[in-house]
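Each remark here refers to the structure printed beneath this line.
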Amino acid sequence: MIIILKEGITEPQIAHVVERIESLGLKAHLSRGTYRTVIGVIGDEARIAATPLEAIPGVAQAVNVMPEYKLTSKTAHPQPSIVAVGAGPTLARFGGGHVGMIAGPCAVESAERMDAIGGAVKKAGANVLRGGAYKPRTSPYAFQGLGEEGLKILRDAGKKHSIAVVTEVVDPRHVELACEYVDMLQLGARNMQNFVLLTEVGKTNKPVLLKRGMAATVKDLLMSAEYIASQGNSNIVLCERGVKGFDSACRNMFDVAAVAQVHQLSHLPIIVDPSHATGRPEIIPSCALAGLAAGADGVHIEVHNCPEEAMSDGPQALLPDQYAALMVQLKAVAQAVGKTWG
Amino acid sequence: MIIILKEGITEPQIAHVVERIESLGLKAHLSRGTYRTVIGVIGDEARIAATPLEAIPGVAQAVNVMPEYKLTSKTAHPQPSIVAVGAGPTLARFGGGHVGMIAGPCAVESAERMDAIGGAVKKAGANVLRGGAYKPRTSPYAFQGLGEEGLKILRDAGKKHSIAVVTEVVDPRHVELACEYVDMLQLGARNMQNFVLLTEVGKTNKPVLLKRGMAATVKDLLMSAEYIASQGNSNIVLCERGVKGFDSACRNMFDVAAVAQVHQLSHLPIIVDPSHATGRPEIIPSCALAGLAAGADGVHIEVHNCPEEAMSDGPQALLPDQYAALMVQLKAVAQAVGKTWG
Amino acid sequence: MIIILKEGITEPQIAHVVERIESLGLKAHLSRGTYRTVIGVIGDEARIAATPLEAIPGVAQAVNVMPEYKLTSKTAHPQPSIVAVGAGPTLARFGGGHVGMIAGPCAVESAERMDAIGGAVKKAGANVLRGGAYKPRTSPYAFQGLGEEGLKILRDAGKKHSIAVVTEVVDPRHVELACEYVDMLQLGARNMQNFVLLTEVGKTNKPVLLKRGMAATVKDLLMSAEYIASQGNSNIVLCERGVKGFDSACRNMFDVAAVAQVHQLSHLPIIVDPSHATGRPEIIPSCALAGLAAGADGVHIEVHNCPEEAMSDGPQALLPDQYAALMVQLKAVAQAVGKTWG
Amino acid sequence: MIIILKEGITEPQIAHVVERIESLGLKAHLSRGTYRTVIGVIGDEARIAATPLEAIPGVAQAVNVMPEYKLTSKTAHPQPSIVAVGAGPTLARFGGGHVGMIAGPCAVESAERMDAIGGAVKKAGANVLRGGAYKPRTSPYAFQGLGEEGLKILRDAGKKHSIAVVTEVVDPRHVELACEYVDMLQLGARNMQNFVLLTEVGKTNKPVLLKRGMAATVKDLLMSAEYIASQGNSNIVLCERGVKGFDSACRNMFDVAAVAQVHQLSHLPIIVDPSHATGRPEIIPSCALAGLAAGADGVHIEVHNCPEEAMSDGPQALLPDQYAALMVQLKAVAQAVGKTWG
């Protein structure tokens, strides 16, 4: 850590800053410039990460030079991790050159619909089927999901079509139950900094799909992954799904640069979700292709066989035929950038 | 609701849209323009709010003309609500011309510190004492709060200094416990769309301090308040505490216009929290005064007697003396805009 | 245009709104809903686009259903335009399936450097060479460009290596001069809404590279293109180069979804500039590939043979070798998405 | 400047960085930490501000500790500047405890209207009358202003009502002409980084009203003021008028914290413009009061006597009566925060 002192700081103030640093068991290395004095802190930086050094009188700025995330950093694990979801005939892989394809409706609505959509996306090449049983809806009056009944329907559709399944958890009291039914747990954007929930899924051994929050930086996303990893579960797939932007033409701003940023900083795989990022079926394919070309380790797409009847997020779903057509294009781009499909 | 149809929509498509609307028990009123046809939907709009009308082929846009929040809207309750916190000697009021002043440290750290800070802010004129027992920290390695021990310390400090107390809850399993100790429950910015937690505090009869999420619009904030109200608890104080902005000079962008927006749309009181909004002690007083002049129903300030030793958010805390000086200025502005203090 | 009236509007107020609309030579079609009354305006919408209808008492909202840009819209010209830059051996094409590759240093610094870089990017497959002679620098103390001398150096390098050249204009008084030297005029992000400059380049017959402003929506970008087109010059290539975002890890937020949005709304080609969008050489290739896969009609990259000596924007430039390696990957993706190279 | 080196940098690389710094006539002071090595640069920092140090291999980050703006910084001029506009009976003052009140229509439309509005705002207490003769409209088809005729009308209205006048310039070729008619030149948000125009107004001796750009940080705003000051004209009044935000409920996000930030960093006065910041007459008064309470050196409000007939920005104008009522409240708040009116 580099501590930059304020202009006009007094000698006793400098001595006080140094004393505070040394009281933490660290060494302070003073460097006096023409305009400013800086202190290089030598020792275990983790000790001072949580110390409010900028509150010490005379300190202008404290610059971290080491990331606060450890287990999820590339320093800890230089090779890209491969996260496996499902097993045997339902095995899907994310990362290390493998791309995984997640698809399905926003919410589990009925066994018939789940069966039809599950069959269609599997046929198009998807290897993980999604469906929400507990929906985090912005309105208390909107459809909230089928609960455990939804989990059963999802599991059965996955079994029938030999495809792994993922569902979102929103309540720490439901994590255990969800683990009985699905191959992967999803943490949604609105819960990316629900630290209670992060801790709870970190205690399971299920792969986790962690979506980036709408106001989260890439570093924030890695810090949330660190919560899960710090509990012992490192099977984490990150997901870029759009952040808040000023142009209301799309639901969110699809931050495709996050893919390369994550690959620079972390060993964890990252996929893209252009469905939630854009909310517009006519824009989704373009962004899906962009994500894959950028190096994403998979693509997450909402698919529904009758969007106008969908109980949640209908307007942003692709039809099964549109999805199948997109998958042909995705395969061509995956090949162009040297990725292994599945 | 107004449904705007796409250019070039066919007659059978129009008929299909009309049929869908009528199947929901509503009337469709067609208006054919030179370039576009629009449909005015007549009937109970709540029925169609959750229906994905934009997914129907030929529909360009569906414009809501009624707000989706009901209980929290001004339509439902035209007069401003007054939310009372505490009782008797600890009574604090927010809204309807009354301003409430919340102050205290980010986290409860020890009985001695809480006592000292509680005494200081009470003396300066605050009427609600804050302190976190469960901290939602972005790093899993940072101080997470004292838990129930912290709740006890907070309650005792409140009793000793005759001041109401508020604390943040982050886990639905802790809401009941927290209710035994405090006068008001806080939902933090990161949990504004934690619908499980919103529902849980909605089942209590405690006043709730609901902070705006970093990527939430004012409408999103009201929708989250609606979650709480829909469970039966309408004692809600909203709080503007800064949203994500592009200028990293401050921690967040303090959106003072939210105050007037909430007062236009809702009967609920709204206060401002310039401590979290700016994160910079030298900017906080200016923004506190701005919030009050804008019509806010109170001000929330972090105060600590030794910021450099604070276990959380030290760099943004005011010293007790700085807080007392600010309160003198706040009183002058409150008087200038015709507010009742307390 | 659809005009939504306020709740509780009186009959005389409605009559006044109708009267205002009819005074503009348009027809008003009233539709009374249960909660709200709306007016569909029938006739030439262009007449009312500039009229402040929302200022009429009783009007809640005026919803435009027709875009305000005309010449640049897909309605006016359903087929994608192909913009040609240069001629004969220096011909480059953008749009309609053709991708153009622009590369070069931020600023023209010397004839030797321009020659070296021009030769390198041409060899790697670029077909337009860039270089700034007038630099819009945020600091008045930074290098402002070589002026006409720079234009000459750029032209000579283009001639020597048989490659078209583009340069930025920042002053309406320099447009004529620049036209004597270059094949394409660039309008930078900071000047996207410099309407005086837009008008001036619109009077020339040179192809224009119009960069999106940092706070501009896609619609704003098209409105600026409309300024140029309204003067008679429709040879416009749009450029996505990042918008302001909240994550300071990258210089800007690269909005790759803008590519598909432009293709939905306009016949004009759009290219991407990941150099300015990200400002980070290690992120640029990933975003360049993403842009092309998204359907962009070209890629703009800053290339410098000694970034640490660059007089402007050195830290974001690729080395010639890095550029050549990226071009190999870009060719593979262009082929995968069916684009013609050049 | 502090230069932070990358992990794993080699000794020859360190030597190369040091050599580059010394070649600029500066001293490099090495400080080797446990994880990172940093270099404190000693000497005239201005020399290296424009040097792309981050492009040198092995450099992770270059942290500026001195602001790049000089003439406009508080370091250069610790006391707040007072900018005088007009003279004698039309004298208005901004800064150093004085608040100035700017009001008037968006555009000059006719002599009659300007006379009526000028008289009304003067009576309400305004001391600078505004009106645009050259309008930077986003649509080429919208009203572009009356040009020189508008300047005459504005000057005459100012004379008649003994009030100073301000108008916007958008073209460097019109600056000289505008100076003949008005007391103050305005540079609009869209031209905040039109460096050609900044330079041109910097060569005049007229006070300048410099509006913050929609994507500009406070530092960017000060850099633009520096452009003007570097030409010899330091009579600059800054203006916060809203920046791009994600909540489309208001036209922009009113960043009231910019007031205190500017006062921390610069001696220049800063006023607020809630009309452009919010675009909503029912929100404007609340934000005007907020700005003044925050310490702003004045308030800019759009006033029109018939908003529905306004040729530009009608929906956001206050009526003269609304303005007069607001001014009464503003006076009360100005008194509460110890400002001198006028």
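To keep things simple, chains are lettered A, B, C and D as they appear, and every chain counts its residues starting from 1.
To be clear about the criterion, a contact is a pair of C-beta atoms (placed from the backbone, for glycine too) under 8 Å apart; a residue touches a chain by one contact, two chains touch by 3 or more.
Computed from a predicted structure; not experimentally measured.
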* **Farthest chain relative to chain C (centres taken as mean CA coordinates)** => B
* A-D against C-D, pair bridged by the larger set of C-beta contacts -> C-D
* Separation of chain C from chain D, taking each centre as the mean of its C-alpha atoms, in whole Å -> 26
* To do: For chain A and chain D, let me know how many angstrom lie between their CA-based centres, rounded off.
  => 39
* Shared interface positions of chain D, touching two or more other chains -> 215, 243-246, 248
* If you look only at chain B, which of its residues touch chain C in the complex? -> 2, 4, 7, 29, 31-36, 38, 40-45, 60-61, 63, 65-66, 75, 244-246, 248
* Write out the stretch or stretches of chain B touching chain D in their complex. => 215, 217-219, 243-250, 253-257, 259-261, 263-264, 277-278, 282-283, 285-287, 289-295, 329, 332-333, 335-337
* To do: Using the touch definition up top, name the residues of chain B that touch chain A in the complex.
  => 20, 46, 49-50, 52-57, 68, 136-143, 170-173, 190-191, 193-196, 199, 213-215, 220, 223-224, 226-227, 230, 243-244, 307-311, 313-315, 317
